[in-house]
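Here you go, one structure.
Each chain carries a letter (A, B, C and D) given by its place in the written order, and its residues are counted from 1.
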């Protein structure tokens, strides 16, 4: 069994400032995700947060990361461009990237997509139902026709992203909107999964089905190569005539 | 007939420094392309270059640009990030973008693709033959099964780009390589076409078939909308229960 | 202005057998669509139906058709394989094809997609809201953020189709489902648009916004080429060494 | 380790009629491929051929097949439509399908693609060089920047296929052509890989690198689900208001 080394990155600000969020995630969103992943013997998950030196994402950490999870919301602008470039470079070399919820507006996701990654939103206790469009995809293993989040922030279309390579989930909201809530892309040699659940004021990451999807995504995004692309001058492979 | 307003942007350095390039493009690469486009009554092409204030790409110029052509090579790093962000924003709002040859490594192309955009290369007078994979596409109107460039710089795979939405041309080289030489993508509301011909030491942009493809691409990339995306908080469209 | 020659094909059985349908579409669904399209001077729409000889789709008719609309439901199995092959051949040569509603299960659509094209469904007066994901696409010209159908048959995921090249609309239903209700593909040289509205017991094709989308789709799908592909033995383009 | 059950289907006519082909593949093309695959403990490969009852592809055989390989050339028309439908149904349920060389014109491949699958060709001992565009993809594990076939039939563009979901290989030919020689798609729940090498008069399937790609493809295409899609009438998931 191959071990997948995961780093769960979290902004970790809401949990410090908002009692409601702290009550839901006393160990931080990163802690809850890493703990759930670490229940599986093939996963070694550790964490990193914004306020650590280099945001906890040093070259050494990224060298030892197969798949990076990303949760950010109120402090996207505080993430240093140097670290963003380092993460992007590592994704292009093959590291998997799982972008969660408000991470849609993170520097790293927008840089890899090339688009605004804008959407419409509302905090109003909407019911959300995620429909599974790819029941044979590794990311949906163990998930049925749909899953429900009883109360959640609404994220609605138009989501400004490049056409997904695979559209895995579409969400229905009680307020009347829809959203492409699970999407995959490849950039360089790295696999990317955007998954919209996970607002900080709801216990979404404690849901066993959500945890299962995160586990599936980590396994799916695990790279088999590390390739540093360059722009080499090359000799002809055919002899000249 | 709708007029398409084109701005042809050129780094315009090789032409000033290299007699061979100057002999081929006495009015600059930008001048040659704009002149060819302006032979068509539905096109109004002007030019902009690196050494002009704001690289000639002020807000006012971009406001009046439907389609931007981009040629750069030796001075990608001198293009200011402010201008790159301005161009990206305008593409996402709907402006078409035609990236030529060594523009594969420009800041604007790499930012829109999210990848390295690296490739292999060789200056060795290779013969290049571009095979037309999409004879019904607007970009290949008037082009037959293939076109040839008798001597050209070789650009070879692996080209580190997101999977093209449409692969229009694949090039064959006498030295033994292949290349995805014509590719389209959409980013935001803007259409993007990458077209690899056009090394500065060969008279590629004087070729009538190449000129025809550039004209076709300008017409194809012309936007019908200008939409500034935002991330609005919205009210439910369904009444609450 | 280029004229687009449209043929609107309808099974035309419900209208003869069901008084409710007849009351909504006294001239048949085909008649309602053709009449709406013909209000535009650049469209010449005629009709064809199942019970005509060769289902009204002779070689001569298809020769003169730029874009074919297809509505069928209760009698897919009665469409002759010969006619289906003829239509498929013509699509691959460049003819546009607009498949409506229950046409998802037609022989021609399943043959072009290669998949089951199955879905879930319910006739229960659901409210349907179609979200516009591509406000810059020709098919959505004049359409806002969404459009609504007050009562309609529900079509739900999973819709068994190849990943759409562009996903234009996603539908929300009051009963809790979602659906990819507007999708485009290219097959051969022909453009295909599947659009799910249009159940026979609701006056959907009298809706001005729906009519606008059908008009847009006809203009979008209009071919500029007619190419008969073959499998030719060819001589080398390079001299032998 | 999960076992992948492979069935290698071959038309098996050239080998009986042509001494040259018989000398290269004394046990048939199917035999050579199955033998190479069976050297790997996680693969159980058996064979089936055209002249067996039901072409060797009974319901029972397909029930026990994870991945089907397909080689056909001179007798595509003799494959019964019943068996083609059975294979298509099984692919849509999740079975992997690897289509080899002249199988591009088989009934099963054309039916799954929806297009002509036509191309240009020449038997002239061309050198073929396959460039690897996806060095991180499971199908190219162990394969370098390119592989060469010293003498092979030429297959050239335009290859009339739907845009591949991943373009894995592009071939260069000494006669001047290019070809998309390795392409993947998903149809229903099944993965499809088209791989163009393998003309019967060249010992291509004895090449260790080609064998490696076939092994990789078998592992990649192995399904994790078997889902029979239907078109169910469903109850609302939301309570009526």
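Keep this in mind: a residue touches a chain if its C-beta (ideal position, glycine included) is under 8 Å from a C-beta of that chain, and two chains touch if they have at least 3 such contacts.
Being a predicted model, the structure only gives us computed values, none of them experimental.
J.: Between subunit C and subunit D, which partner chains are common?
T.: Touching subunit C as well as subunit D, we find A, B.
J.: Higher C-beta contact count, A-C or B-C?
T.: Spelling it out, more C-beta pairs touch across A-C than across the other pair.
J.: What whole-Å value do you get for the distance between subunit B and subunit C if each is reduced to the mean of its CA atoms?
T.: The separation of the two C-alpha centroids amounts to 34 Å.
J.: Multi-chain contacts only, two chains or more: what residues does subunit A have there?
T.: Residues 129, 135, 156, 158, 163, 165, 174, 176-177, 237-238, 241.
J.: Please output the residues of subunit B touching subunit A within their complex, sorted ascending.
T.: The touching residues are 88, 92, 105, 111-116, 118-122, 124, 126, 154, 156, 158, 160, 162-163, 165, 174-177, 185-188, 229-238, 240-241.
J.: Using the touch rule from the top, collect the residues of subunit A that touch subunit C in their complex.
T.: 129, 131-133, 135, 145, 156-159, 163, 165-167, 170-173, 176-178, 180, 241
J.: Taking the touch rule as given, give the residues of subunit D at its contact with subunit A in the complex, in rising order.
T.: 94, 129, 135-136, 138, 141, 146, 165, 174, 189, 223-225, 227, 237-238
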